[in-house]
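In the part that follows, the structures are each spelled out as structure tokens.
Each of the two complexes below includes subunit A, the first together with subunit B, the second together with subunit C.
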Partner chain A sequence: MSASLLRVLWRHELTCLYRNRVLVVLFSLVLVVLLAALWAGSSQWHTQQRTLGRIRAHRHEMQDSLVQRIRRVEAQGMHYPGFIWDDPTFAYNTARNEGPQYAAKVPFALQALVAGQSGVQPFYYKVYITKKQQLVHESEIDNSYLQFVGTFDFAFVVVYLLPLLLIVFTYNVVSSEREQGTWVLLKTSNQSIAQLTLARLGIRYGLFTLFFWAIVAPVLAGLVGPAFLATSNWWWLVAAVSLYFAFWVALALLVNSFSLSSNLNALTLIFLWLVLGLLVPALLQFGLDRAYPIPSRIAITTAERDAINHYFERDGQTLTQEVFSSPRTLIRQASVVTPGMVYGYGVIVYKSQEIKDAATQQAERQLYRQIEQQQVALRGWQLTSPALLLQETLSALAGTHWQQFNRFSRDVDAFRYRTQRFFYPKMAQESTYRTFTVADAEAIPQFQPRVYADYHWLPIGPSWLLYAGITAVVLGVGYRRLLHATW
Partner chain B sequence: MLQAENLTKRYGTHLALDHLNLAIPSGEVYCLLGSNGAGKSTTINIFLGFMPASSGRALIDGLEVAVNNHATRNLVAYIPEIVNLYPTLTGLENLAFFSGLSGFRYSHTELTDFTRTAGLQAEALDQRVSGYSKGMRQKVGIAIALAKQAKALFLDEPTSGLDPHASNEFAQVIRRLSQQGVCTLMATHDLLMAKELGHRIGIMHQGRLRQELRADQVDYAELTNLYLATVNQPT
Partner chain C sequence: MLRLLIGKELRELRRTTNATWLLVGLALLVGLALYNGYAYYTTRSAFLRQSQQTTYAQFIAQGDKNPHLGAHFGFYAYKPTADLALLDNGVEDYTGNSFYLEPHKRGEVKFREVSDATALRSFGFLNVGYFAQLLLPLFIFLLTHNLFSKEWENGTIKLVLSARVSTGQLLAGKLLAAGVVVGAVVLLLALGPLGLLAWHLGPSGLTPLLPTYACYVAGLVLYAALLTVLGGAVSLLTRNSALSLVVLAGFWLLGVFLVPRLTGELARRTHPATTAVEFDDYTFHDMQYGVGHEGTKDERRAALADSVMAYYGVKRLEDLPVYFIPITIEAAEESDGRVMDRAYAAIERNEARQNRLVQLSALLSPFLAFRELSLHLTATDLDTHRDFAAQAETHRRRVGRIVDAFYQKNTVAGNAFWRTVPQFAYAAPGLGWRLRHATGPVLLLLGWSVVAVSLLVLAKKISL
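Up next is the complex of A and B:
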């Protein structure tokens, strides 16, 4: 097909589409929805950035306050005039009061496009030596996990709404010619109908995709800054979404090649959208939930409680007796809280925490294993639905995939263990009980916030290469049918 | 220019076209008369490559349509009973598109000249086709044929539903094209138009060419009688 013919078709398509009021209205609506999704996503991104700023400020404030308080105690000959449980020179008190640190996951710019798991997974924790406190949905009894889209965001618009617009854009590229009678004049031109149709669909696809990125890229750059443009995540995202659009256009070509009416074409394509976009994912979710059920959070709580009960009923008795029978703790005789008592609680807390951690590890491992098994099984079925594949790809590229939240969560666990290792020896220092110094305060471990947007664990390239192949086959079959069409 | 050699078309057991033999030289207007189902449109459709013949050959400028469909489409233009165009485009835009598809790129002035030759009023050029009358659409169809520089023109009931003035204008344009060497095969029920416009007239009945005569050798009354006698023949 010559360049001049492509120019003729380009101009023709542009004029016809521009003058189609239904399409113009639909485009405007989708534009509004798309902008709303981008705005919503970027708002969440900005909120997280603000929270991170507040966390940083809070950390410096707490650190300064702790250092000053310890200095005052030291300056007054280790005399602490206040309530004993607030005395910062007790490692246990500091671990409980100023010691807890915030661990935050820095939001990646593309998170503005894909909420992914960020609707249900915390992006920061307050880390105690005894627990990592989730500040989002802490009271949930279920382990939050979203396999598919659950939030209104750019990904929802792309995965679910835009295929519908593409269907409206392409469903009648052949049938409308036949219905309005221009088919006859097209057939008497010396062009192949198959080539003309392919070129026209190609032009419509190009127009749609260019228009889409011409809106998304600058708006996103304006909302969250242009740095994302330099990341490979962004270019993979562009490639995956563009290929997803191409799949729907290829499907439209195939359906158009069956010589059905425009209404039937539209119905067929909408049916395919329902099956590929909604029905298959829903069935897979149903099946996977039964094959690999996600354990309830109650299981973790129960495991923790059972372990503690078991500990205190047996080994714990020995420890408690040991700690509280010591003449230094003087717990039995004391009618007021004594330094020994503070020390004793500290030791019990750290001993029992080790038991709790060991007990919950198994339940946590079971949770992670089930989710991972769901994901692995799902990847085996991903070719049955491009919506599924795109959803996971987008989440991974935006840094909001479960794997990335899980890595953050595990990093927080590691940070908590580091914090424990820092505090426990000081809490168990029996010689004076009050060993926590300014130097210790300045050495309290800090979590290094970082972006979790690495996606090497997901085979994005091979998966999409395979889908490119499927798209090419669908396109090829449709083209071949048109080439040999006798109608 | 146009040649049919034992052209036959069957639809199952029904014989739509029965060994048609026809030769139309350049510049000649050949009118095919016949009742509905006589085989006129089938003949045109085979020449246009819209459907394959069951047997026999259709040739345009010596090229067999079934073998050189792509090349023969370069040589032809088709004006059906209703010329359907893109309703949201103007007459001029439709003309630019269809001539562009055939590989011709014309300036605005050249396109306007084609529409003027076809008889389309200048003020209609920039109006959307959705507001065009049937006659105006026919004129755009002729302009497309002119722009395509077609050597053979196929007309299927082109004047059906046109008022006498529009029919007359249409006939004049076809005559001009004929003088320029364009060969025309026209299927029609309009005996008067066939008599006035055609050089030769063929009367078809039940897929066969039953009569063939020169238009200048019969008057309208004779043609009418001959036509009625032919189409009323028993099977």
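Up next is the complex of A and C:
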């Protein structure tokens, strides 16, 4: 096809689309939904950044308060004027009060595009020595009902809405010629109808995609800063979304090649959208839930509690007797809290936590093994639905995939372990109680917040290469059908 | 004549291959939705029932312990799965179902299933509720989008109008024919779960559910009928199948996906939630320094010691006939409880404002109105969840009072004492309560029915 013919077609398409108002209406709609989605996503991103700022300020306040309080006690000859449970020179008290540190997952800029799991997974934890992070989420306060309703983000717009708008843009490229009586004219021309149709769809695809990125890239850069443009995540995202659009255009060409009416073309494409976007994921979920049922976290607490009861039936009795009956702890009375009592409870809590942590390991491993298996199986099946593949890819690239939150959660658990190792020796040695100093306060382990946007665990390249192949095949079949059309 | 018209429409539908495939596909989906809902309900309800017994058994068998330590071991209050969650699991997976009953800390409901789910969960969970809210409207619109317009497109409208049939009969005949097909699907949706519930619960278990179930089916029938009338009205108004399909599919898309999600985001921005960090700061401050003229924690503790010693006529805490520590625990529980109640009430008020905004968007979407009704009737809504959380919190405080009363005179508690602490049992509020909370959705559904009928009357005036 010559360049001059392409120019003619380009002008023809623009004129046609402009005159029947499709171009204006459709692009206005795309503009509105994209701006709304980018606004919603970026304001969520800004909220998270503000929260992290608040956490940093909170940490400094708590640290200053702790150091000042210890200095005051030391200056007053180790006399603490308030309630003994608040005395910061007990390691156990500090471990409960000012000691717990925040661990945060810094939101990646592309999170403004894809909420992914960020709506239901915590992006920061307050790390206590006595709570298992993966077991008890100290999650952000959010309305469960709104989580149930779902988020309106870029990913939702791209995965669900834009295919439908692309269908409106492409469903009648061939059928409208037949319905308007211009088909005969095309048949008698010396140009290949298949090539003409392919070129027309290509022009529409190009228009749509260019318009789309011309809005998304500058608006997002304006909202969250342009740094993301330099990341490979962004360029993979551009490639995946553009290919997703190409898939729907290829499907439109295939459906158009069957010589159906415009009405039936639209119906068929909407039906395919429904199947690929809703039904296949629903069926996959059904199958995977049965193949790899995920145990409830309740099973972990049950195991933990069984272990505690079992422990107190045997070894624990000795410990409690030693602690309770020790003349230093004075636990056998409940009139006044004594320093020994604070120490004694600290020991019991520490011992119990060791038992709980050991007991939950097996149940926890089983839970994560099942989730992991579901995730792996899902990766195997995601090619059955381009919507699902795109959803997975987008959340991985934006740093909001389950895998990335899981990685964060595991890092937090390791940090919790480090914090325990810091506090336990100070809590559990009878000779060390009331010895928590300013130097100790300054040595409390800190979590290094970071971005979790690594995506190398997901075979994005091969998956999308395969989908490019599928798109090419669909396009090829549609093209060949048009080439040999006898109608 | 009416019977002839209905017969003609149904014959036409049967002879169209697409409709047959559509119906077969639909029946398969309903079957799958039923199985999925049934598996969800039976597995979870048995597991939660068992877990409630296990956690309590662990509590009452914990052996000799300091009463306060034993109270910290505590036990869980699990929200039982509602029987009608077989139809619709609503917000269940988003709220969690485990409430820890231990001293000092108002419990938070934990273990949300959605946290462990794959990305597939964002595509929805296929059960009867999902089917009725998402797929049934699309099916009805696909069925009705050319109900009237095809007569214009096939050029048969003149023939039909010149026959011995009034426009009213024509209208009623076509709508009733569509109603027969839609009714068959609704019947399947209504009887399928009923059969499964009867099989699982037996007649005695099923009987108490029947009034609620009847309300659900009535809502479903009204919803399906209004969508059928709406589809027919648009078809009659546009007299063009393609345009009618675009309008109805667009309406579906807007109503099912766009409007609720967008208003959800708006609600988040217009009524921003407090962050957990701020929540911790505020509550810590109020508990430590008191609200108004309450005084600091140390001042309150000193005042309590003075009043207790004055009450017993002693000068030292050690001389009290009861232990003082449990008294301080109970007093702190009360004053901290007030702080937490205020803080949680503020969160709930804010969430109620957010939810109201989303629920108001049902003015633009009948699908949302039905979803709300469905959540309330199946007891899988946020109101029921809050009721559970409130009851669990009441039970937590009750356990605290029992343990502290015992602790005032004993420093060791054995299994004989633990067994005196009552087990937790939750029963969701009855039908009257649920209907009261569902007044809004019911009115909106009725309002949408009026809109649909008015649109049909208008379309008749314009087109026939």
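The criterion applied here is as follows: the second predicted complex is superposed on the first by the 459 of 487 C-alpha atoms of A that agree within 3 Å, B and C clash if a C-alpha of one lies under 4 Å from a C-alpha of the other, contacts with A are read in each partner's own complex, and residues count from 1 in each chain.
The definition used in the following text is that a residue touches a chain if its C-beta (ideal position, glycine included) is under 8 Å from a C-beta of that chain, and two chains touch if they have at least 3 such contacts.
Note that the structure is predicted; figures quoted are calculated from it, not measured.
**Q** Contacts for A:I215 in the overlay, against subunit B (first) and subunit C (second): which applies, first, second, both or neither?
**A** neither
**Q** Once the shared chain is lined up, is A:L207 touching subunit B (first), subunit C (second), both, or neither of them?
**A** Neither: A:L207 stays clear of subunit B and subunit C.
**Q** For A:L466, select first, second, both or neither according to whether it touches subunit B, subunit C, the two together, or no partner.
**A** A:L466 sits against neither subunit B nor subunit C.
**Q** Return first, second, both or neither, reflecting whether A:L278 touches subunit B, subunit C, both chains, or no partner chain.
**A** second
**Q** For A:L23, decide between first (touching subunit B), second (touching subunit C), both and neither.
**A** After superposing on A, A:L23 lies clear of both subunit B and subunit C.
**Q** Which holds for A:V184: it touches subunit B only (first), subunit C only (second), both, or neither?
**A** first
**Q** Have a look and say if subunit B or subunit C is in touch with more residues of subunit A.
**A** With both complexes superposed on chain A, more residues of subunit A are touched by C.
**Q** Regarding the shared-chain residue A:Q375, is it in contact with subunit B (first), subunit C (second), both, or neither?
**A** The second partner, subunit C, only.
**Q** List the residues of subunit A that touch subunit B in one complex and subunit C in the other.
**A** none
**Q** With touch defined as at the start, can you tell me which subunit C residues reach subunit A in the complex?
**A** Contact set of subunit C toward subunit A: 18, 29, 32, 36, 39, 47-48, 51, 54-55, 58, 61-66, 69, 73, 76, 78, 90-91, 94-95, 98, 110-126, 130, 134-135, 138, 142, 146, 241-242, 245-246, 249, 253, 257-258, 260-262, 264-265, 267-269, 272-281, 297-298, 301, 317-318, 320, 323-326, 347, 351, 354-355, 358, 382, 385, 407-408, 411.
**Q** Tell me, which parts of subunit A touch subunit B in their complex?
**A** Contact set of subunit A toward subunit B: 2, 4-5, 8, 11-12, 15-16, 19-20, 180-182, 184-192, 196, 486.
**Q** Please output the residues of subunit A touching subunit C within their complex, sorted ascending.
**A** Going through subunit A, the ones touching subunit C are 33, 36, 40, 43-44, 47, 51, 54-55, 58, 81-83, 86, 102, 116-117, 120-121, 124, 126, 136-152, 156, 160-161, 164, 168, 262-263, 266-267, 270, 274, 277-279, 281-286, 288, 290, 294, 296-298, 301-302, 305-306, 308-309, 312-313, 317, 320, 324, 331-337, 345, 348, 367, 371, 374-375, 378, 387-388, 391-392, 395, 401-402.
**Q** Give every residue of subunit B touching subunit A within the complex, in rising order.
**A** So the residues of subunit B touching subunit A come out as 48-52, 70-71, 73-74, 76-78, 80, 82-89, 93, 96-98, 100-103, 105, 141, 144.
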